Structures are given as C-alpha cells and as structure tokens.
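Data block below; observations after.
A, B, C and D are the chain letters, set down in written order, and residue numbers restart from 1 in every chain.
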Amino acid sequence: MTTEMLGMILAGGQGTRLGKLTRTTAKPSVPFGGRYRIIDFTLSNLSNSGVNTVGVITQYQPLELNRHVQNGASWGLNERSAGVTILQPYAASDGEKFFEGTAHAIFQNMAYIDSYNPKYLLVLSGDHIYKMDYRRMLAFHESKKAALTVAVMPVSKSEASRFGIMNTDDTDRIIEFEEKPAAPKSNNASMGIYIFNWATLRKYLADSNATDGNLEDFGHDVIPAYLAHNEPTYAYAFHGYWKDVGTIQSLWEANMEFLSPNNPLNITNRNWRIYSQAEALPPMMLTSTAKVTRAMIVDGSYVAGTVDHSILSQSVKIGPGSVVTDSMVMPNAVIGKNVRIDHAIIGEDAIVGDNGEVVGTADDIAVVGYGEAIGRKEKA
Amino acid sequence: MRKGELSAIIDLNEDDAALAPLTTGRPIGTLPFAGRYRLIDFPLSAISAADIHSVAIFMPRSARSVQDHLRSGATWNLDLIQGGVFMFPYVATRDYNDASLRARYYEDYMQFLRMSGSRYTVILGAKNIANIDLNAVLDYHRAGDSPITAIYKTLPVTELGAQELTLSLSELGTASSVLPLSARHLGDAAKVAAFMDGYLIDTPMLIELLDAASNGASFRRMPELLRDAVLANNANAFEYTGFLARVTGIQQYFAANLAMLDDASYQALLYSSIPILTKSKNEIPTFFARDSHVVNTILGTGAYIEGSITHSVISRNVLVHRDAEVVDSVIMQGTKLSIGASVRNAILDKGVVIGPNVTVAGTPEHPVVVPKNATVYQSIEEVPA
Amino acid sequence: MRKGELSAIIDLNEDDAALAPLTTGRPIGTLPFAGRYRLIDFPLSAISAADIHSVAIFMPRSARSVQDHLRSGATWNLDLIQGGVFMFPYVATRDYNDASLRARYYEDYMQFLRMSGSRYTVILGAKNIANIDLNAVLDYHRAGDSPITAIYKTLPVTELGAQELTLSLSELGTASSVLPLSARHLGDAAKVAAFMDGYLIDTPMLIELLDAASNGASFRRMPELLRDAVLANNANAFEYTGFLARVTGIQQYFAANLAMLDDASYQALLYSSIPILTKSKNEIPTFFARDSHVVNTILGTGAYIEGSITHSVISRNVLVHRDAEVVDSVIMQGTKLSIGASVRNAILDKGVVIGPNVTVAGTPEHPVVVPKNATVYQSIEEVPA
Amino acid sequence: MTTEMLGMILAGGQGTRLGKLTRTTAKPSVPFGGRYRIIDFTLSNLSNSGVNTVGVITQYQPLELNRHVQNGASWGLNERSAGVTILQPYAASDGEKFFEGTAHAIFQNMAYIDSYNPKYLLVLSGDHIYKMDYRRMLAFHESKKAALTVAVMPVSKSEASRFGIMNTDDTDRIIEFEEKPAAPKSNNASMGIYIFNWATLRKYLADSNATDGNLEDFGHDVIPAYLAHNEPTYAYAFHGYWKDVGTIQSLWEANMEFLSPNNPLNITNRNWRIYSQAEALPPMMLTSTAKVTRAMIVDGSYVAGTVDHSILSQSVKIGPGSVVTDSMVMPNAVIGKNVRIDHAIIGEDAIVGDNGEVVGTADDIAVVGYGEAIGRKEKA
C-alpha cells in the first residue's frame, strides 16, 4: 500500500487557554460557526485536496472528537484502506506511549505512518479556521525539491512577535527561523502547516530517539535542526483567511467574523465545501415572539426571544423575553425567559435560567462552560 | 425485539393524481415536508426505531428522487450486513398481465421475505404522516388472534373523502373489511376508523398470499391481496392515537405543512420517542439579515433571509430578498424570491424563481401551486371564492 | 488524479443470447468468475483504482442480482458523500419510442453527468474481462487530439467472431470507425484491433450527444451514439496489452474460467496493480477431508471437499462428497456433488445437485451446462464430435 | 439516548504468554481458525445477541485491532448512535488515564458508558473462543433480580485450581468465590463474563475512586466486595465449547480443535455466524503438486506443497516440496521450498526460507513470530 501524501492532524493539545470550554473535550471538537466543529475545516480541506488518508493524533479527552469524526464518512474520508484513523496513546512492549510534543507524537505513531509508506507527510493543526488547497502547496514543495515546506502568511509587524517568523531568501528558501522574535526581520508567520519528505523526517526522528531524544517539537526543535543541516526548507506563502482559535477571545472573534456576510472565508462557496457530521434534527422554529437579525441559526433551534448579531448552534432554545447579542451559543444550550446574553460564549449543554445575565465586553468575553447551569436553574 | 424478527415493505406506488403538479416527477414518498423531510422519512424512521434492518421498497415510476434520497440506507441503519434496502423496480400493469413475468416479480418479493428470515412483515405507504411505534403494533399483533393486523386512526367522518379507505370494526374490535368511505353504511356515526395503509402480517402468510397470487389467473396488486386477506381472516385492528396528516390532495398537503407551525403538533410529530431521520445535507447555517423579520415560521438550513416571513414553512437554500414577503406559504428548497416579491397562500416547488415585485397569492382553501423550476414574472392571484 | 475529475458509466445491457441458459436470470455482468468474482467486478475495480467515485449503472432487465452484488457500493468506494452509485432502471425499447419518456431518460443521464462535475467520463461494459489502468487511458486521452478515446486490444483475426466489433485504425493511430469484423476489408491481415466496449470521452461532449439524441426523431441507444461519435470525430485509440478474455459465448466463458488455472494468467489478472475488489462474504474456510485429492484447481471459501478435483474452478460453498470427481469443470456456488458423482467438461450453475454416481460429461469445445438449481439424477454425456 | 445493555470488551492485555505473537499486536487481534481474529467470536456473539453498542477497551498496540474492527460494519455493529467504539488511554485535566486493571478500565471509561445510560453492563474478554447468546444470560440475570451475574462453566476438578471458582447455593446464588483454590469446593469456573446493573457498579467504582481506589480488578476486588456487601450475585451456567486462548499451547489446541469436522463450536451453523472483516482476495490455488488433507484453507493462499491436519490463513504461500503438518499458519506467511513445518504456529508476515525447519511437539509448539524471517531468506 502506498499513499502519496498522508495527512496527520495534531489534535492532542488540551487547549487550556479555552478554559471552561475544553474541560471535558479536546479543542478540535469545540463547536464553531453554528453547525461546525473546529476540526471540520482541516478535515474538509484534506478531503477537498484529495488527501484521502488522515491520522488524527489525540490524547486529551478524545471521546467527543471520536464520536464526531467516526469513520470519516461525513467528509468523504471513508475509503477502504484509507480514510481517517484516530490515534491515541497506547502501550507497547517497551512502555507506554504518551506524546511529549508535536514531533514526538509523529515519532510515536511511526508504525501507522509506515503502514501507508507515504512519500510526503502533511502535518496540520486541528484548531485553525481556514480554507486551503494542500495540492498547491505540494506542487510548490515538489517544484522546489524541498525536504520541508512550511506554510506562512503575512502578519502585521506588530503581530509578528507573537508568531514563529520565517526569514527567506528570494527563492523562498528559509534561511532563518525566529520564534516569537522581539524585533522580527520579516512578517512571514508560520501557520503550523508542514509538508515533509517522510524518508528524511523519519531519519531525523529515529536518530533523535536513538540518541538524545531532543527533537520533540517541530517549531522548537525540528525546523532549527533542518536549517542547521542545510536541508532544503522553503516557505509557501498563503493568502487568505486564517485564524488560530486557541483563546476565548480569538474564538469569539472568529465566530463574529464568520457571521459577516462579507466573511473572506466565503463559506457559501460550493466548490470548497466545509463538511461536518450532520445530525437529523427537526427544522429550526421561530415563534411569533421571535426577533432575529444579523444572525446565523441552524437545525433544531427554537427561538422565542430576540437574537441580534449572534450565532446559534444546533438545538439551542431561546425563551421569550430573552435577548442575545454579539454572542455564540453552542449546541443544546437552553436559555430561559428574560435572560440577557451579551458578548458571550455559551458552552454545549449549558443552561441559563430565567432572568439570568451573562454579559461580557468585546475585550472580555463572558463564558458559560459545558453543561454549566447558571441563573435560576442552578438551584435545582 | 430480536434483530431480524421484523422485515418491512414500503409501497411507493400510491395514487398521486390529486397532488399534481407536485407529483409530476416524484412520487408522494419524496414530497418535501416541514422544510426538512421527505414523506418517506416517516415510515423509514418508524422502521429504524423498531430495529428493522431489511426493507423492500416498491419503487414508483419516477424512481430517481427515491434513490437519491435513500442512497445506501445508512441514515436509517439499513446498511448493516444482516439487512439492507432492496429496491424493486416499477412494474407497469401491462407487464403484470404476462403470466411468466408476473411469476418472476412475485418470486422476487417472496425471495426477499425468505432471505430476511423475519417472522413478521410490516407494510407501510408514505402518504400518512405519522410516527407509529411498530413495537407496540407488534405487541398488539401477538396478543391478537389474526395473522394480520391493520392500523387505523379514529377520525371525524367529515375529514375523509368518499374514496378514502376505512376499516369496518366488529364488536370484538377486529376489522372485518377495508372499504372506501362511500361503500360504508355509517348511519349517523360521527367518527370512522380511517385506514392508514399500514399492516403487520405473519411473514409465512404473506408468502402464501404472494404464492397464490403468482399462480392466479389474473393480476392482483399487493394492496388488493392484503385487503382480501383482511376479508378472509378478519384483522387485528391497531388504533393509532398520535399525530396524523393524510396527504390526499394539494389542500391536505398544504395544511399538513402549516400544521407544523402549531407547537403541539410540531412537538408531537418531530420530538416523539421516534426520532425522524432524514438524509443529511451539508448546508451552511441560515442567515437572517439586519432588516429581516421572521415570525411563526420553521426553516431549513442554508437559507438567506432579508425580507419578512410570517406563518410559513421554508426549506433549505431559500433566498428571500429585501422587501419580499412570505405569508402562509410553503416554500421548497432552492427557491428565490426577488426584491419586493409577495407570496401568500402558495406552494412554491423546488427551484422556483419569483421575479421582482411579483405577487403570488392563493387562498387557504386553494393555495396557488408553482411547479418545479418555474420562473414567475407575472403576478398570479387567486380571487377568494 | 483529482477527486471528481472522472465519472463512469457501466452499461449492463449486453447481448447475452449466446450465454443462455447462464443468462436466464442474470446479465453478463453478474456471471460468476474464477470461483470468487462477478464479471462486473472488473470494470468496478478499474474504476475504483482510478479514484472514480460517481458511477452510473445502466441496469439490465434482471436487476436483482446486480443490486444484491453492489449494495451500497462501499466495496468499490462508491459510498462517499462526493459520489455514489446511481442505478438507472432498465428501459424497454418500446418506451424509448415514446418521445417524452425518451427525453426524460436522457435528461436523467445528463443530470448524472452534470452533478458528477466530471471533466471526463469512462464508459465500460462487463463482458471483456481485463484490468484496465484508467489513469493510463486518461493520460493517453489528454495527449490525443480527439474528444473521445476507444480502447482495444490487438488480437489474431481468428479469435474473433464475425459480429464482434473492431476498430479501423488510421495511419495516425486513431480509430476512424467501429465496425463488426464481417464488415471489415482486412485483406490478409493476421491481426485486428478488437474493440473492448470501452470509451473515455469528454463529459461535455457526451452531454451534447445525449442532448442531441434526446431531441432526435428516432431512438438511438448509447452504444450507437458513441459509435457515431467515433465516426464523426475519429477517436484516440488506446491499446490495452494486459490479460483479456471476451465472454461472447459459453465456450469462451468456460475457457476464460479455466484460463485462471494457468499461473501466468492468474497472476496477470488477479495480482496486478489493480486489485480486483468484490463483495465480501462471511464464509468459513474451505475444508479438505482426509481422503480428498485436489490439484491444479482454484477454490472459493466455505467449500467442503471429500472427493477429487483436477483442473477446475470451484466457487464458494460447494460440496464434493467422497468418491465424487470433478475434472476440467466450472462449478458455481452452493452446488453439491453426491457420492460417486463424476463431472467433466461441464459448467454447473448455482445450486445444482448431482445425484449419487451420476456422470455429467461434455467436451472441451462443448461443455455441458447444467442450469441454476437443477437436480441431475440421470447421467448426461456429450459424445465428442 | 438509552441502551438497555451495553457491551464492554476488555481487550487491553498485552498477552505476554503469547510471546512473539503479541510483540506488536494486541491479543484479541491474533489470527485464529484461518479467516478470523480472536475478537471476532466475542463481536459476533454481541451482534447475534442484539447487543448493538459495544466499547472495546484497549491500550496495548491497538493499531491492528483498530484496523480490524474499524466502524464495526463487518459484524453489523455500525448502527448510527450505536456500534463499536475503540477506547484507548487518554489524558484529562486531572491527569493521564492508563488502565490499571479490569475494573479500573471500566471506571476510566465511565463518561463513555454514561453517555448511553445503560441499565446493564455486559463485561467481556476479547480473547475467548466460544458462541454464546447473551440474551439468555440477561434473561437469567433479570429473573434472579441480580446485581451481578457471572457466567460459569464446569471444569474438571483437576483443572479447577487454575480458575476462579464460584460456589453457589441451590438457587445459583454465589455464596463464596475462591480464586485459583488449591482444594476447590466446586467446579464452576468463572468465564470472565459479567452482567452488572450499571447503577450499582457505578456506585461501587465511584466510591472506590473517592476513597482508597481498591477496586481495580473484577475477580480480585469487585466480586469479593459484592459478596461482602450481600449484593445479589448469581452464577449462570454455560454449557458449550469455550476456550481461553491466552497461551501458545491453548491457542494451538483451539486451532486444532477448530479443524475437526466434529468441532462442538459448530462453525458451519448459519444461525449464529462468526463474522470477520473480509478482504477481497483472489481465490485459493492448489497447484498440480499440491497435496492437501484434513486442512482448512482460505482466500488468497497458494499451495504447491503438502498440507495435512493444518490451517492456512489468508494469502499464505506454501512452496513445492514443503510439508506442513499439525500447524497453524497466519496470514501472509511465506513458506519456501522443501520446508518442514510440524506442530508449529507461524506468525503473520513470517518467512520460512527454502529447506527451513520449524518443528515442535504436541507439548512444545514451535513459533515463528510476526514478520520474522528464518531459514535462507533470513540472510537477505
């Protein structure tokens, strides 16, 4: 069995900066945009790019992610002898295999990767919102005869010091890598998207494991090692919408951007669909007291109140007299009567009892956690 | 219930003349419903909830919409190795008149039943919108004396048309015949047992019926065979008491859709213990623009609403542009209302386009029906009688 | 190849009169082969290997065996959300003569092609057993000048029957027409380009052809349309050089099966870079008893062998009891040979029972064919001519 | 979502007693009987018993097991909102979750179990060869109003000291449990098959976790605790073929028993099929030099030598002049020319080069490990 390019999604992080939203679930399975979960964007990009074999490396609270991904059929990633495989920690005769870092996680799953004998390994994060055709990046990688290609995008100079910055020569070859530089020399920020020649990477990881085990992380360890050994390493420039949703603030922002009819993500484009697992839920209902403007709503929701500039996910209930503004409400949340929700993210299965208030500001988003109950129902 | 104890047949060859032009290119079974479903979802969901994994579909003349909707049957757990969806092609009456062809068709049906290994077979149509608990029907059947059970709901006589089928109930509560309302001597009875085109029958008996029919001198379709069986055996009569809408004509279809705006009916049909399963679509969320005004309405996903909608049923991917208004109407998928369009008491089939400032208005009793993919540039107004 | 760049059509309406009685209840496409496969597995496997996910099947009159075999299409990756198997019902010629029905059928085909979003469409039949690398055909097509490519193999003239189709190749290597051997002026040529009923065609052109045919005065089936297109455009002619067996009659079918006992042919067809995928069965291992004697034979699983088998092809679930012998024969699934039975140069269809000490013997040129589910109590011996 | 009885298969053990056969794979995925893997028997029993929701708890080398089980479709265990889920170790905000024992493994997967809200929990091992209708055991459990029912089977007195022995009163209630007793009082050996009322077990496990965490193992800890607390605990007697295949010797014996036409397992019975993942392989071929007697062979195998009283799995090659007797050959093994194999188990993908010998005895079965190459090919 040979696969030209195998996709590996690093979905293991706990996402601590998402606080209450990831206490019982992995970051990639956090709901987004009404009917998606964050990982849907990466999985759809893979499917649309014709990468039909994908490993999802996870170790933190994977149950919901497992249930969401299932056999990959929702994204067309269910071909026989291909498709999606969830890779979790395991025990082997030489010990237990928890993953210590991004590169280490790839190393620990070498048997899986080798079983497909891929020429290229496409390494991705599971927590970015973007649309990208990885075939174009592969064509770039091949044309450069690169050992490693890193996708980069231009960021403003002021932001650049928050990213890994790739300084290139005029052939796009990376000559220097600076992690979160105080004085960045360029604005090519790494997107955490890599194409590796698997044979080369495999050798580096195996050598590291056999010696000092120092190649734990791609950004911190592997890229510097490639540069030090003069491996041909290139930067592939991406131009388009891209958002890391690793914090409450950025998750809220990305949802509000998604809500804009002029969202550069162009979600309505049928030539690059974002797929998700679709449950069969009844149609949404807006009652005679509903008032809904600048909003996205999906199946199963029941709205008797006012919703403005907000996103409601599946099976959300908004009681009469309640007002939801500038907020994102996750699946199955129940909002009682006369509740006020503003600049907030309401977690899955959360309950906000009658007359409750969840009010944040644009700089300090209020959050109700998964299954959390606040307001009157809390006393029950 | 044991896996494999029940198999099912859904017969999509239902008389659909009264539903033209909605049924020009599709059977009753794939009529859209409640902005989200097709009518066949209701029998399929009842079947799925009863853990039935082997289903035969008697295909209508226009089979493509059925195939597109069912695909592998995975939505209803009909893709397991122990079962499957078996589609039996449409058979023209003239072919049934050929004795050898007829024998082959019956043999196909019998083989399905034998291979299913089932003890009982459920037979349903699609035009009765309901959520029947087939496990309850099975329990009732087992407790009864007859090898065949017929399903009915008690309805006011006034709600039935003359040709609609009813059960004649004996004092024992069994059904002695299945007759059209017009053939019944009801006296001054206010209520009647409306037959729901649903049976549960011992599989060996069904095989016997088919075998006899296969050797018979002339052609009899399955519904006739079953009615004869009721006559010959009397039937256990199972009374269904849940939500029911009978799609016997345009007006009934229209009313059934709008009935879903009543919260009690919506909850009863769509949030019962039998989840209504339907093919999932990868649609984006429905977007409500700044000046949209939508009340008392159910909507599918992927719609984009700038105008106003009141008391209506809107399917997925509908566009309602600014200053357009929809009142008391049923709008199917992919329909577009241009700026200033006005639609009242109407059914717009899939892919209809209503031009700018055009009015389409029917009456509650006579909704205007705009057929599939039609473009309407001139106003249509039905004057109330 | 990009996902969705190719779609495919498999036309199962192939002339099967010469294969009776094996084709009484099934098309050529579901004839068993090599103890394990159905003929349709070969085009389906070629399609799957080329990452094609949208396939239309033009169903034959006897559709059930095809449906049973294909199920959801998952075996060949035809159950992905971006594609699917679309079965187009059998259409009797008389229905094609009705202009409005004809238009509807063509519209269905065109809609399949449009929805597939493909740039190219592959069209294959099932009676040429081969493993075609469709990516190679696509590369050849793109390099050629014509919007249509026809697939052939160079064969000795003597191997073709008079009615078998051939390509007339120009000096440029293109095909100028598709003609039966009898219509060709071959002079003393020893070899001929045998047409393999396979095309690759630009999808927009195929839609145009169908559209024109839909509006035409009289009815033309797809194969005729395609032959006309070759005549009108000349075709790129792709030469296939792998294993080929053409199932044009009983003798050819018999020989094709026994050819699999030749190790080179077995490896070439079944262990090439195109894995032959088929519906999996949950069969137990084949058991060989203490006194069994089996040589030079291929077998499916689930068989139970006590007797002796030489140079034969044995399907799954075959029982060969003690002192029974099978020589130079093709035995289909579920067949039973009783004690002391002897079968030589024969084809036993599914479910045949050969009684104790009964002999069934044909000749290599005229194998005896025992039809499906027959029970043979009296010996049948074909005297060699 | 409510499931009456949820199945949980404990498939986490390393199976060290299977030596080389489980160095890179979990015991339940070891091949058996030509076309099966050990876990097929348990999964088929579940499917045939109408238990359509099953968790498979694994932590040791799960890749092959994952690939085998996939989405459960091969066993008809792929219903929506049900089906098979592979449960591996994971990390949670309170730490990493490796499994310390059978009961602890159930406790660690409580969130999974709770999501189905089962009335009964059916706990099974993944490494036994048997056919059993769990519905009958459930009917017994219900009729006894038991909190726990343990399936037992009679063993000979001499064997009894190797098992957990359940001593019952005349209502089948367990009054005493002896683990591997030197002087057994009865011969009711526990089969490691349990039906628990989930609410009760859940409470015991949660209490244990909140206090001393002493309920790690079902046999060692939980059954004694139930007896000590007078929970109604019953023994359900099973009569039929049952074999633990935890050692090389017992695995070989079970295969040889499977080969017998009078095997009490009755594998040909179509009313209780044993399902497996079926690959599409070419038919088996026996060449003109083949001599095959008292053997089971499956798809894809190619036999040019002599095979007597042996089982060949998928895609096994036996070269001319080779003789295989009283042995079990696992998938994709290649046996060269003039090889002698007797009383042996040949692992998956193993190679025995020309003129090689792998000869054991009925008491000391020879083993060639997974992917091991011996004989001439070894030098390559």
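What we mean here is this: contacts are C-beta pairs under 8 Å (C-beta built on N, C-alpha and C of every residue); 3 or more make two chains touch, one makes a residue touch a chain.
Keep in mind it's a predicted model, so treat the numbers as computed, not measured.
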Identity of the chain that, by mean CA position, is farthest from chain D: B
A-C or A-B, whichever has more C-beta pairs in contact: A-B
Chain centre separation (chain A, chain B; CA means) in Å: 41
Computed distance of Cα centres, chain C from chain A, in Å: 47
Where chain C touches two or more other chains, by residue: 74-75, 79, 81, 277, 282
Of all residues in chain D, the ones touching two or more other chains: 73, 275
Parts of chain D lying in touch with chain B, wherever the complex brings them together: 47-48, 50, 52, 73-76, 78-80, 135, 275
For the chain B and chain D complex, residues of the former touching the latter: 2-3, 51, 53, 74-75, 77, 79-82, 277
Interface residues, chain B side, partner chain A - complex: 34-36, 74-75, 260-261, 263, 266, 270-271, 275-278, 280-301, 313
Touch list for chain A against partner chain D, complex: 12, 14, 23-24, 58-63, 66-67, 70-71, 85-86, 88-93, 96, 98, 111-112, 115
Of chain D, residues touching chain C in the complex: 33-35, 73, 261, 267-268, 273-276, 278-280, 282-299, 307, 311
